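For reference, the structure I am asking about is given below.
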Amino acid sequence: MKRIAVLTSGGDCSGMNATIRAVVRSGLCAGLDVVGIKKGYRGLIDRDYFMMNTKSVSNTLQRGGTFLQSARCKEMMETAGQDVAANNLKGMGVEGLVVIGGDGSMRGAKTLMDRGIKVIGIPASIDNDIPFTDMSLGVDTALNNIIYAVDCLKDTASSHDRAFIVEVMGRNCGYLTLVASIACGAEHALIPEVPYNIGDICENLRKRYREGRDNSIIMVAEGVASAQEISEQIKHHIRFESRIMVLGHYQRGGSPTSFDRLLGSRFGQGSVEALLNGESGKMVGLSGNHLQFTEFDKIFNAPMRPLNENMVKLAHKLDI
Amino acid sequence: MKRIAVLTSGGDCSGMNATIRAVVRSGLCAGLDVVGIKKGYRGLIDRDYFMMNTKSVSNTLQRGGTFLQSARCKEMMETAGQDVAANNLKGMGVEGLVVIGGDGSMRGAKTLMDRGIKVIGIPASIDNDIPFTDMSLGVDTALNNIIYAVDCLKDTASSHDRAFIVEVMGRNCGYLTLVASIACGAEHALIPEVPYNIGDICENLRKRYREGRDNSIIMVAEGVASAQEISEQIKHHIRFESRIMVLGHYQRGGSPTSFDRLLGSRFGQGSVEALLNGESGKMVGLSGNHLQFTEFDKIFNAPMRPLNENMVKLAHKLDI
Amino acid sequence: MKRIAVLTSGGDCSGMNATIRAVVRSGLCAGLDVVGIKKGYRGLIDRDYFMMNTKSVSNTLQRGGTFLQSARCKEMMETAGQDVAANNLKGMGVEGLVVIGGDGSMRGAKTLMDRGIKVIGIPASIDNDIPFTDMSLGVDTALNNIIYAVDCLKDTASSHDRAFIVEVMGRNCGYLTLVASIACGAEHALIPEVPYNIGDICENLRKRYREGRDNSIIMVAEGVASAQEISEQIKHHIRFESRIMVLGHYQRGGSPTSFDRLLGSRFGQGSVEALLNGESGKMVGLSGNHLQFTEFDKIFNAPMRPLNENMVKLAHKLDI
Amino acid sequence: MKRIAVLTSGGDCSGMNATIRAVVRSGLCAGLDVVGIKKGYRGLIDRDYFMMNTKSVSNTLQRGGTFLQSARCKEMMETAGQDVAANNLKGMGVEGLVVIGGDGSMRGAKTLMDRGIKVIGIPASIDNDIPFTDMSLGVDTALNNIIYAVDCLKDTASSHDRAFIVEVMGRNCGYLTLVASIACGAEHALIPEVPYNIGDICENLRKRYREGRDNSIIMVAEGVASAQEISEQIKHHIRFESRIMVLGHYQRGGSPTSFDRLLGSRFGQGSVEALLNGESGKMVGLSGNHLQFTEFDKIFNAPMRPLNENMVKLAHKLDI
């Protein structure tokens, strides 16, 4: 293998730049050329790419987002587009490709593997919904962004004895919401995996009110309901006013934490090593302290990453 | 004067604890007793107060919000409630009162002055809409909270070439929005003091798009419109999708900045000194590098603090 | 079991408060009394303790350090003191004790176990040198403190083309230094586990200089040498001036990260559960995603936690 | 005027990039060419410069340090070097120059004015020792860096009842130390402007110790003594052990605060406007809420910026 390429696809997250940097530096260190593809699969089809060197990645480790950028690409959903993408890679002499992104990005990578390109996927998704890895890139930074914002809200909540409903990212997966609830000392966590009962929540709010504690933080995953909806349900049940906070895209960005910089560095270096070892069609993941590689098909056929039972139990024991 | 009291009223902000601390420490230093009143005027009417000492304020300087808490108090709007409040102060032997809060809090303080209590007001309002002070307490921390969040959003905005509409606090006053726009390098700032033209904004978005720059940050004061409304107007005009972020109460809290800790310390110490000098019915304010004291009536009759012309001009020169 | 106690011992770290909180809340949730012991073993001997309730731990999760405090205690090194400590616990009716601290703290706990108290240890040490746990409490926060400071230094380093020698905590264990070096993109990491050659470092500095890159970050664990010593060695070899930064106790404190809040919550809850299950004389640890319990004797007899081979390899591949 | 240039000189600080950006954007907005000079006067002599456009300054506002870099330049101390610098500017057709830096940088600028170049200086110095401006660029960010670090130290100080001696930048000027002491709630501030008495400090430490408060923060400006020296003096007097923390270059960097981004933007835009108005040989400064321009000679002949009397008084009243 002489030449590899790297792209970021899907929603951006903090740690992508650290990952790109590790791909480039370990690629160069192994004597490979490394091609940077801009705007994900879009750049691959539009031939928007450039040769990378050490300077290309200097001063990027500490930046949020992805300097290679990401974009939607409908063409990659169809055979014709996939052919173009694979041919462009071959035209450049690229033998191996590292794709940093979520589930959809891996599916795109799979179509390129079917056309003879060696591919390794790196899981990036702040929802932490990708199976076969303990943590995806960007999750730890997102959690720290969330707790910083909720710590701020708690200042106001305790100054005014108010309840806040905080809407957290997570369409099908409650990981962010559950862990952030534990880390913030929230009173309730509403997650897709566990049905909620608005009556119980209202009863608890009333109980706290009777005890002289009106300030509460209720965290809700966007996949369950909007903060606005929960606020209205509570008002409807017990005439209790609450404030809402939608954390939104604020969760994605910012300088990556130490964990995400390290994780990205490990994923990036491990992916290049896997390509050099002839691996293909696999996603790298974190299992305990070790990297593991799982075949794309196994990932596509797996149910969503289940919630850690211990976390749910922990939340209960801490009275969330 | 032997005994003074202190309370926080209205919306909380970062720096209130530093202010309370300075009142307590300079009061004790001058040989005064200092009474802490809980939950603003509500605690004054409900006799919810306690004697403060150095320990009462230890480890508070760096905390957001107000540990004396704040609450609404309808009774203070009426003569009967004002009588109760004044009598409670007199019953405790309190001769001087420091009120930390906004315009409405000063009006409450005025009614106590009319009943023989010496009062000094300290301006606290993250909107920076109180006249006769260059800066109110909490503004600097709010600005830094805003720029932290917008820096995060910009990571995503530049990774995906997206436009974000960011809704900032400020009902009648565009200070926060205008200054944050300059400090964040936003593309547009919509403020109550200056009418906006959605057509111009759309034209600029289009121009940037043609130049290959799709990522834009548009900041809007809540008094102008909601982020949602602006996003819909843009979509209606030019079919351009934008994301929204409502910063909400996140802006209020968090550990106060150096500026707010210092400002609160100066305001607190200055207020105690003014009471000792026999002053009453005045609000302390910052004028350049000096503290100034302005009579309540002058404040109540003044138009809202006008926007600094130089800032508006600066924004234009920087192409916002 | 009706009554348990908790203390923090040894050097403080961020996450201790989250741990105490979890011990208290899960203890109360299981119907236990929970006694808080102040200043570690010192308070146990001096009978400096109090009954804890939910309010005792409210608003502590986000604070650095330990509100139960920690102190040295020579008496606990001797049989007489150990007797007093055990008798005091028995006198209060305490059957189980949770000790949060490092290696020395566990040894103290062992002596109490020998006197009939059930004890569980929780590893807290920013050096991450305790075996039988992937991560100790406080490590993740320390890492993030370090990278924040080094990111700041890099601004100056790249503005002036300067080299900085950064001294990091870690007497026998290079974990913090190695991981921070990867996360900060440092040029060199000097750790106790790997001998360094000042000639190689100087050669590399020269090479970078010739390439027009004078700015370098060299991170050194305190167990290897002081930053001052390394700076002088470099000056002696190649007349090259470098600046030094000793991060010191700044590394220990600050609001804990999401990871440390979660880890502390898991450790605390798990320890109470273990006591309820009749376990004793064990330390809880993190193994991958699971809690594991290891007997004290096994810990005392183990060699220090070895450095993760993969990290060292990763550092090499990234050219550190 | 058709073409201007900008350079940063002396010690770097946060906010320099915001200033450069404002010079470039308001220059372009006024139809001027703007030349960026690298590495201060060194780049001017070595002809290391380039034409700047909007893209040159995009994404720089939030970065610490100076992307134009700074370096020492002995040649600029001598007539020959000054001639080269002036001729290089004239050779490029540069009529106006904006110099961002400290006192020494203004002196360099003066020599260029004497050779027919219009020059405006912008005060940048985290010491805040430059007269004729209330605040220099970088001071507010430095203060916030300091309080963040000291807040961390206080976690450890209060966990262990320890005293810390914190060494702060400031050779002749105690501004940073004094303000940070107020903002951090330190017990003592040692500054060049006020002689200290180690006996008094020791007496106070003893008094606190007798009251059960062993944790103290003593802040010392580097111009007074090193933290190490003060620690040894205390030990010598009363056998009291204290820890030291030298904040060093950590104070300089990091993402600039809102204040420094705004100040830099105002200074930058104001300087370009002044050049367009035919001004020269002046430094822009902040006076209250307004920009003022002061002739270089007046600055060179002025005594150092005196300490604000009110701050010293405030510190006393707060018992520092």
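Just so it is clear, A, B, C and D label the chains in written order, and each chain counts residues from 1 on its own.
Simple rule for what comes next: a residue touches a chain if its C-beta (ideal position, glycine included) is under 8 Å from a C-beta of that chain, and two chains touch if they have at least 3 such contacts.
If you're wondering where the values come from, they're calculated on a predicted model, not measured in any experiment.
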Task = Match interface C-D to one of B-D, A-B or A-C, accepting only the pair for which over half of the contact pairs are the same residue numbers.
result = A-B
Ask   = With chain centres set to the mean of the C-alpha atoms, which chain is at the far end from chain A?
value = D
Message = I'd like to verify one number: the distance from the centre of chain B to the centre of chain D, where each centre is the average of its C-alpha atoms, in whole angstrom.
response = 28
Message = Please tell me the distance, in whole Å, between the geometric centres of chain A and chain B computed from their C-alpha atoms.
response = 35
Inquiry  = Taking the mean of the CA coordinates per chain, how far is chain A from chain D in Å?
reply    = 39
Ask   = What parts of chain A, by residue number, touch at least two of the other chains?
value = 151, 154, 158
Query = What pairs of chains are touching here?
reply = A-B, A-C, B-D, C-D
Residue numbers on chain B that touch chain A, as the complex places them = 8, 11-12, 14, 16, 63-66, 69-71, 145, 148-149, 151-156, 158-161, 164, 243-246, 248-250, 252-254
Message = Touching residues of chain C toward chain A in the complex: what are they?
response = 18, 21-22, 25-26, 29, 59, 61-62, 134, 140, 143-144, 146-147, 151, 154, 158, 179-180, 182-185, 255, 257-259, 261-262, 265-266, 269, 273, 287-291, 308, 310, 314, 317-319
